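Two complexes follow with subunit A in common, the first pairing it with subunit B and the second with subunit C.
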Partner chain A sequence: MFRTKRNLGRRFFVAAVMGLLALVAAFTLDLSVLSLLEAMTANKATINFFTAAFMPAFDYQAIEVPDSAPHFLLRLLEASWMTVWYAAGGMAVALLIGTSFGFFCSSFWWVEGQVKNREQRKLIAQFAFLTYFGARTLMTLCRSVHELLWAVLFLAAFGVSEVSAMLAIGIPAGGMLAKIFAEIIDESDHGPAEALRACGLGSFRTFIFAQCPTALPDLVAYLLYRFECALRSSAVLGFFGLPTIGFYLAASFENLHYREVWSYLYALFFLVIIVDVWSSAIRRRIQR
Partner chain B sequence: MSAVLEELHKTRPRSGFIRFSVVFFALLLLAPLLTFFVGFAELAKPQRQANVARFFGELVPYSLRDKPSGITDYAEWYFQMWEKSGAYAMGITFAMSLVAIMLAGLIAFFLSPFAARTLMNRDPYLTQGASAGPWQILTWLSRALLMFMRAIPEYIWAFIFLVLFGPSAWPAVLALALHNAGVLGRLQAETIENLNPTPLRSLRALGASRFRLFFAAIAPMSFSRFLLFFFARWEMCVRESTVLGLIGIVSLGYYIQDARARNFYDEMLFFILLGALLVVIGDVLSTVLRRYLRRD
Partner chain C sequence: MSSEFYRLENVSVKYGDTYALQDVSCTIFSGERVAIVGPSGAGKSTLLGLLNGGIQATEGEVYVDLQQLSRFDETALQTHRSRVGFVYQHHNLVPTIRVIQNVMSARLGRFSLFEAIRRFVYSNAEEQEEVYNLLKRLGIEEKIFHFVEQLSGGQRQRVAIARALYQEPHTLLADEPVASLDPARARETLKLFSTIAKNDELTLCMSLHQVELAEGYIDRVIGIRDGKLVFDRLSSELQASELEELYTIQDLAICV
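Entry: the complex of A and B
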């Protein structure tokens, strides 16, 4: 727990350098606190917006609403459901990518104990590059392009459709899942796997019956965290024309219906809370 | 042997809640996946296929289309783009992420003690499981605030702030700072709750106030952990600051949006690749720094 004095010094040094760099960056970006305060108080919009936080809308703020429009709460529910829908689809795609590639990104296969004879060693030397490094590079590529940039790309290619949205959420999340799954599997206890291997089981079966179950609690926890991220991405995709929370939020904001905006913000907040509470409930039960 | 196994199998821990969760999430993921595959099959139709093929053709730089060109021609085109606006956009994006993560770190560091239940109770560290009393309100409020900041994505914050505060780099920086402060604050609050209580208890027994407890012991004790989280979040900041340009703040995303609006898909691809490069740079930098900090 206790660190040496020298070490703490190094930490403060790094923090100080970061602070200095941030200051330089602030100057190059021409950020001034005064101009921000001025912009904040220039019109009443800021005050109106933040006071609306205490009275979210339960009905349309517009005076005239076409008869065909559903009740505001129904629309809120629909927007929330669509957000969950696209997030779930994205996660399904991500899970397909993540589990299949996570398998190859794991270095569990190349552990010295696995290698039985010289021939196998030669085989590994030939294929390790193709599978292990190939899979890793591909996954890095997937996750280093941001969800929204994938969305821009796919929306241009396929138009506004479910496929574009789910691919946009699923590909970077899949890259992330593959990496983290592989790391969790490699870092969790190898004891059960070694026991099974000592009994003469092959590496595939040790992987499925020992290594994966050992890592399961962490895998589930991370998966649910990713689902939360997918919910946020899915909400943001509304800004690109998909019928999720972001779409209605942007429309309400542009009509200056700030109380409606806060209703959508709170809806997203509750979605995230539900996943968060659910995730901790599951973790409590499987980590015993 | 098999009897023992059967006995073990019978007495394994079971939970109806877990079963329900597994079935629920399986159904939740399966239903949209089916529509995804239906939509994907739709794309295979000749008309759609032609559109997609045309799009991919337009990803090739305009000046190099329809004529044989080697790798050097591509390199030259990309280098020109880099000199024209790529380098500038990348620098701005990077600067934005730096300011944002610093602000987020400051907010989180000073907000987190209020969310730590071990510190915010009637008698911190001295009475085991002391009742929270009125402090509970403070803890719940700060936790709810952190959670809310974290639940709303940067993009939505930036979209709102851009209209409220007018065009400058501030909306993006504030949006990034707010969201990441929410994440960092929660992580830091958990770190504080898990700190070794012995030194804190002795300080408290000597009569240190909560304020002194925080600055003299909790802050230095949790600082190394905090820095690790800080750099991990910085990585995310770099990622997000690229994208925030899509709504009109001048960063990489702005150039992407601009190219898309003009249907210059070749330039769009260039800036998207630049964004990926920036993410990789942020990744490497943060990993190197965290390794440097972990080394003892």
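Entry: the complex of A and C
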């Protein structure tokens, strides 16, 4: 009872401090809602841009379009498809990294491993700790660099190609997958694994036959969430010249074709919704 | 029923500074059906863990088939454990896979990794038939291809029993198999364990809260309280007063 009271006090304190910080930040940055409105109404382009949101383009806004160009909606479809395509490629790389390193990043296989001989156990624990630590560090490196920075690196190395896109999306996502997969696996119920170990199965086999299937619904749910993130990254990579939504969006923006910009934004929005619906359908199927 | 199978000699198990079991000595014979009774936290699960080699004695010695368990090397211990079927209180099944996969998991330590994966993913007709016959004995053969998460608690327990039997065990251990069941179902479950043990000539050890439910299905009762052995009797010789004593002191403690 007393603990609850104290916690409440602390929560109130934290909230108050955060509010105070927000006020200080607003003053030092000289923010005011009025100036924001002023900026929006003063600039004609801004008004044009936001009003275009209500009438996305279904055809090219440009007056002259080369005859070879496909219909705008077809281009929209193609851009969306390429966005999915690059995201899927990136996730393939990420899944490879995530599953292989996820195993080493989890503490399941070396903490739980029962080795009777004390010397042997010590040796295995040391070796395991090294690989565990190494894998964790490597994965942290992977995900501490943002997709866009990876993209800059790989575009310099491989030029504008599928490979650079796949690696730019896949490496940071893989680092994230490995970390989260490892945590999901470590936190799942260890009962089934315990039962199989009692049947005489070793660490690796209890891992693949008991621990992974037990964790499967959560693993899949996270993987699909990550796919959604990959979609967004893939769209943004278009700004570097890859033929995804971002590429066309940037071009339309530069030509002041705001209605086209909104069409591309809505396309991305629908892609994310589709993935969301799809993933919740899959989750329902696994979790029954 | 005659040869000694498990023997505990002055066994203690310590977790940190507290004793889970203290100076326990008893013998369990081959093919015997034993109930371990006592109040919650008495050390029943620890005793079962000692028998299957999952828990090691801090002091004293456990003998399995006249051999010292502490001298077993890794392989011998694995072999021993693979011949002891353990039915957990919470069943410890993998919920996301099928019944047949859960049952077949029990033998996956015996094959090459490739063969183990093949059996796990794609079982052939012969293997399916074996599991089917096993499930049929337990009355849930129609559930063979169901996912475990679709099953009721009672059905899950039967799958757990099937998995334990699929190990081809010499001993069947059950931790609180009737803890959450009403008396009628509890009797039915205990009868099932007892018949299986008798038919397959298994040594059976179950931890129970109430020994009355197991009447007629067990040969011997071991009573423990606070980690200490209170009595060790053939079920026919068990005195009502002894059972009373096992629980009364705890009642007093609650009254105070």
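Note that the second predicted complex is superposed on the first by the 263 of 288 C-alpha atoms of A that agree within 3 Å, B and C clash if a C-alpha of one lies under 4 Å from a C-alpha of the other, contacts with A are read in each partner's own complex, and residues count from 1 in each chain.
Criterion: a contact is a pair of C-beta atoms (placed from the backbone, for glycine too) under 8 Å apart; a residue touches a chain by one contact, two chains touch by 3 or more.
As the structure is a prediction and not an experimental result, all values here were calculated from the model.
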Original post:
Based on the superposition on subunit A, does the combination of subunit B and subunit C result in a clash or a fit?
Top reply: clash
Original post:
So, does A:217 touch the first partner subunit B, the second partner subunit C, both, or neither?
Top reply: second
Original post:
Touching A:286 in the superposition: subunit B (first), subunit C (second), both, neither?
Top reply: both
Original post:
Is A:195 in contact with subunit B, with subunit C, with both, or with neither (first, second, both, neither)?
Top reply: second
**OP:** Could you tell me if A:44 is touching subunit B, subunit C, both of them or neither one (first, second, both, neither)?
**Re:** neither
Original post:
Is A:92 in contact with subunit B, with subunit C, with both, or with neither (first, second, both, neither)?
Top reply: first
**OP:** Quick one: classify A:205 as touching subunit B (first), subunit C (second), both or neither.
**Re:** second
Original post:
In this superposed model, does subunit C or subunit B come into contact with more residues of subunit A?
Top reply: B
Original post:
What residues on subunit A does subunit C touch that subunit B touches too?
Top reply: 286, 288
Original post:
Can you list the subunit A residues touching subunit B in their complex?
Top reply: 1, 3-4, 7-8, 10-12, 14-15, 18-19, 21-22, 25-26, 28-31, 35-36, 39-40, 42, 45-46, 49, 84-86, 88-89, 91-93, 95, 140-141, 144-146, 148-149, 152-153, 156-159, 161-163, 166, 232-233, 235-236, 239, 246, 249-250, 253, 261, 265, 268-269, 271-273, 276, 278, 281-282, 285-286, 288
**OP:** Spell out the residues on subunit C that touch subunit A in their complex, using ranges where they run on.
**Re:** 52, 54, 72-74, 77-79, 81-82, 84, 86, 88, 90-97, 105-110, 113, 116-117, 120, 147, 149-150, 160, 163, 167
**OP:** Please give the residue numbers of subunit B that touch subunit A in the complex, ascending.
**Re:** 13, 15, 17-18, 21, 28-33, 35-36, 39-40, 42-43, 48, 51-52, 55-56, 91-92, 94-96, 98-99, 101-102, 147-148, 150-153, 155-156, 159-160, 163-166, 168-170, 173, 195-196, 220-221, 223-224, 227, 239-240, 242-243, 246-247, 253, 256-257, 260, 265, 268-269, 272, 275-277, 279-280, 283, 289, 292-293, 296
Subject >> Footprint of subunit C on subunit A - complex, ascending >> reply: 115-117, 120, 191-192, 194-202, 204-205, 208-210, 213-214, 216-217, 286-288
